[in-house]
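When the chains are written out, they are named A, B, C, D, E and F in that same order, and each has its own residue count from 1.
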Amino acid sequence: MEMHPAKRVSIVIEAPLESRLTDALNNAGVTGYTVMPVIGGSGRSGQWTRDGQVGRSGMVNVVCLIKPDRLDGLLEAAFAVVEPHIGVVSVTDAQVLRAERF
Amino acid sequence: MSSIIDLAASNLISPIILSFALGLLAAWARSDLTIPEAVAKGMSIYLLFAIGFKGGASVAAHGVDAKLLAAVGVGIVLSFGLPLIAFALLNVMTKLTKIDAAAIAAHYGSISIVTFVAATSVLEGRGIASEGYLVAVAAAMEAPAILSALWLIARNGTSAKMDDGLIREIMLNGSIVLLVGAFAIGMITGEKGLAEIAPFIVSPFKGVLCLFLLDMGLIAGRGLRSAKGVVTLPIVAFGLLMPLIGAAFGLGAAMLIGLSTGGALLMMVLSASASYIAVPAAMRVALPQANPAIYLTLSLGITFPFNLTLGIPLYLTVAQIVTGG
Amino acid sequence: MSSIIDLAASNLISPIILSFALGLLAAWARSDLTIPEAVAKGMSIYLLFAIGFKGGASVAAHGVDAKLLAAVGVGIVLSFGLPLIAFALLNVMTKLTKIDAAAIAAHYGSISIVTFVAATSVLEGRGIASEGYLVAVAAAMEAPAILSALWLIARNGTSAKMDDGLIREIMLNGSIVLLVGAFAIGMITGEKGLAEIAPFIVSPFKGVLCLFLLDMGLIAGRGLRSAKGVVTLPIVAFGLLMPLIGAAFGLGAAMLIGLSTGGALLMMVLSASASYIAVPAAMRVALPQANPAIYLTLSLGITFPFNLTLGIPLYLTVAQIVTGG
Amino acid sequence: MSSIIDLAASNLISPIILSFALGLLAAWARSDLTIPEAVAKGMSIYLLFAIGFKGGASVAAHGVDAKLLAAVGVGIVLSFGLPLIAFALLNVMTKLTKIDAAAIAAHYGSISIVTFVAATSVLEGRGIASEGYLVAVAAAMEAPAILSALWLIARNGTSAKMDDGLIREIMLNGSIVLLVGAFAIGMITGEKGLAEIAPFIVSPFKGVLCLFLLDMGLIAGRGLRSAKGVVTLPIVAFGLLMPLIGAAFGLGAAMLIGLSTGGALLMMVLSASASYIAVPAAMRVALPQANPAIYLTLSLGITFPFNLTLGIPLYLTVAQIVTGG
Amino acid sequence: MEMHPAKRVSIVIEAPLESRLTDALNNAGVTGYTVMPVIGGSGRSGQWTRDGQVGRSGMVNVVCLIKPDRLDGLLEAAFAVVEPHIGVVSVTDAQVLRAERF
Amino acid sequence: MEMHPAKRVSIVIEAPLESRLTDALNNAGVTGYTVMPVIGGSGRSGQWTRDGQVGRSGMVNVVCLIKPDRLDGLLEAAFAVVEPHIGVVSVTDAQVLRAERF
């Protein structure tokens, strides 16, 4: 089947910032994203787990497929939100069906 | 004095406190006991709805007291003011950065609804009445402390990430909306409404509180274990001293507006307790540089258990002496 | 007339309705209040189990009525028939595509179990009896409407994605199985079984319903906000007119088989209400081209609140006049 | 004999058993009915807390019996010993590998708390008393069987993956900690504590148990359907024979320490039942080569329903004859 | 360690279609897949979130690792299910341990 | 924005082994990882789903972003835990922002 090159950007960020991040992505012209749950993790700011959470907000994973030429715009928008916070941004080469959607 | 000890002892062997202790112990022993996140959130929604509704129904039963507005006003002032005291104290007692100090200060101006609930059930157990509208005061005290802390930061030259979105998020925080909304429903439907749903929000309330405190014990215990390096002795001392200061201010406020003995206890508890839900989330947005391990450990691991076990009996004894109740 | 207004007013200030209103309000103000998905599903399982069991136990207590089969049969006919009326009406009143119209029509032939439950608790509050087997009628009315809508589509030349898997999924849908199963358990164990678990399924029922309606309010409110552009005025008009037509047919059916006043109300409510669980999921599989924003907003955002607030008191007044109850 | 049949029949038409049957049926018909994982875990936390607390409160009420320690000791011996019998039996009856046999054996030395709870509610329904401390025996019997099975493996030349972490995990397993902890809280707070939270842990208990058993039926049914090829007739025969052998040993132990009729039944049930929570998780770590489809299907799909439906009435009749109760 | 090239196919699809998709994958000879939850997202059909769902069915993410030469078969099978529905298909190059499993 | 090459390792493993795996990763010098839930799947050991779980422990997906030169160490550590168990390990090339973190 015909595939089209794309970039898959994955941003792990604290849950209270989710709407700020997705607003920034929308403003950067992103046409869609998918939010996936995270149940725990570890990094420079220590280890955490989501079970029985009271007062700890947890993290989410926002995944975004975009046309390669839009990558820079997206990263800049995302980075402005993520930069002062804990979280991780990674990018992978991908192929998508139905390119007209991205 | 012996009455405080008696009270503390009888408080300590209640199922509620022992459930919290079980959670602490299980966490300390590194058991894999956990309560699913969705269930914990479900229980907190239940508790907020029940406590709000009962407060509203009680106001409906006793008439809208002229003191209601005064109490809400005083609560807001306390919520704005206590962070300033906490901030000053932290600067004197500890070596924390201004940002960490301000973030902690915000927690102590706000309130812990579970501490409030635990105090309510101590009052019920002793048959001491209290003003139903203090639930509204609790809701009113959640948010102002956050603004106060952000002002402290701005004054100290660092800029916090304040935006309109954040202010709306703080004011329309789920727990505030639920508490105020349930309070309103209780006020509108009154005793009749309460009678309809009492088998859900009254009878099983204490049992749910036990499981909720089990979860809080688990989280506090796990937090304490992983925060060993971060929370120094002076910080711990602050976590024990600040509730006493808060309680003193709460008592003063209660005297000022002439609350009953039970009302005075609840006002002291609101002032003495520290937030661990609304404020931490707001701090992650507004003061991301502040270290959450410190403020969560202090609020959930030090001040919360202190208030739950020794604080409430102590405040009640003092309230009884001062109000002559 | 004034009795309708009285009834509507007293209905509107019940904790149940006000909880729904609180959810709508919180969503409208964009509060972040949410009920975890698992808790919402848990509550709906509880409600279905309780309502099914109580219906079955009531049938066991009053003997299996000869009318049971007649009522189920009439219910199935209504569920097949109402979508045809809805479809015709939508073609006249709105500019929706045939596919969107058929998808909406399916919702109105099926039923909303929460509306049914709310009507039951209005009856209980007024001490009006009703036939326990109407729970079985509710279950029987869930699915036929879907087949009806798919037939409408086939007749109009578009082919829906029908397969054996889908038919099994529709008939053995979790909520149908649970409702029918709990009804059977209630019938088998009777009053004795009910007595054993009444402190779980009877006493706290109304309270759980409040929290569930809070969640429905949140979802309906968020849906309304995001569907502003999609749902036009004629569509809204349909969402208010169709329940009245459904209720009229329900009343006719109730008279035909000679139901009591309470039974007539419940039959009207089943006919007047629109599905928002089973049918939307089936439509996503069978009619993916239909726009879910339209049918969900109509069913959950327009018809559900209408029935809950004004519909039930109106139908009850009419049922009382017509049945002389 | 006819009394067993009567007892079995009246047992079979209880809401609890019928809820389990509904789950089996729904799974068999491939309905999509499911209970969210978080809700299922929440219910199991509720059941463990309630059963532990009630056991502890009952011990507090009747004084700490000298037999408590004897019963716990005997329970530990049974938990160590029964896997040896099960292992020998499996080697004779089936063609399973040593590893699969040992993994299954571990399940049968451990216990099923839900079977215990169901037996308790049969006793309550018949007004037969039992020793509250058997809850502690249940907790004590959860873990030893695992060590026993690992020893069997080591003796047979295969090395299991044993480490300190695993032993701690097994002993401090969430369900053991919760059961023992709630038991301790019940003992400390006694009848007074129980009275405070009875509307939560006593009144709705049976209803929650129904929904929990509905979920167990769904899981058992789905497991049975997908394990058709794996579980042969001799394996099924073991799953029906082993509980009888376990019950016989349990009865002997009960006579040895002089338990009441109700206590004897519970001891039989503990010995006859097989774990499906703690042990499977431990086996995935320690014996990953063992096939989970076999041991889960046996324990949850064969032995659990057998005990629930026929086992408990049978054991009770025998216990009544032997203890003269 | 020895790694073997593989394709990682990720399909975000509405939950009511999950079993139809996995049946199609099985028929296309896939040896395994993993289903991951999705808690929200945004696309041409609007924005949605899973919290408090009643009547909205949400989406799931089905992830499948396969030998590269099986990609076309899989995509065709998946596409037949996904095509009339909302949802997104993406493919990434990956490496797997234990190739005998795929 | 400046990106740095990295490897994204995804390990799907049974939940009771999660802490053993993350301990092994920490010992292998990994600086962080993210744990994501899995709600179902299928493989050589059959099909399973997480709903209504009692007694079945489910799986989790541990995702780890690392510097390419650390890949071998990580894989060896992970493989020692995963090898006797059911589960799947895959590696993808990725790019990360803020390389100093990895």
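Just so we're on the same page, a residue touches a chain if its C-beta (ideal position, glycine included) is under 8 Å from a C-beta of that chain, and two chains touch if they have at least 3 such contacts.
Every value quoted in this text rests on a predicted model; they were computed, and no experiment measured them.
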Neighbouring chains common to subunit C and subunit D, by label: B
Relative to subunit E, chain with the most remote C-alpha centre: B
Residue-number overlap at the subunit A/subunit F interface, same or different (half cut): different
Distance from subunit E to subunit B - Cα centre to Cα centre, in angstrom: 45
Distance between the centres, which are taken as Cα means, of subunit E and subunit A, whole angstrom: 19
Distance between chain centroids, defined by C-alpha means - subunit B, subunit C (Å): 41
Two or more partner chains touched - positions in subunit A: 36-37, 92-93
Per-residue overlap in subunit B, given as positions that touch at least 2 other chains: 34-39, 41-42, 199, 203-204
Chain pairs that touch, as defined at the top of this document: A-B, A-E, A-F, B-C, B-D, C-D, C-E, D-F, E-F
Of subunit E, residues touching subunit A in the complex: 12, 36-44, 49, 59, 61, 72, 75-76, 79, 88-93
In the complex, subunit A residues that touch subunit E: 1, 3, 6, 8, 22, 26, 31-37, 60, 65, 92-98, 101
Of all residues in subunit B, those that touch subunit A in their complex: 34-37, 40-41, 44, 161, 165, 215-216, 218-219, 226, 276-277, 280-282, 284-285, 288-289, 291-293, 296, 299-300
For the subunit A and subunit B complex, residues of the former touching the latter: 14, 16-17, 19-20, 45-47, 50-58, 84-86
Of subunit C, residues touching subunit B in the complex: 13-15, 18-19, 22, 25-26, 29-39, 42, 125, 199, 203-208, 210-211, 214
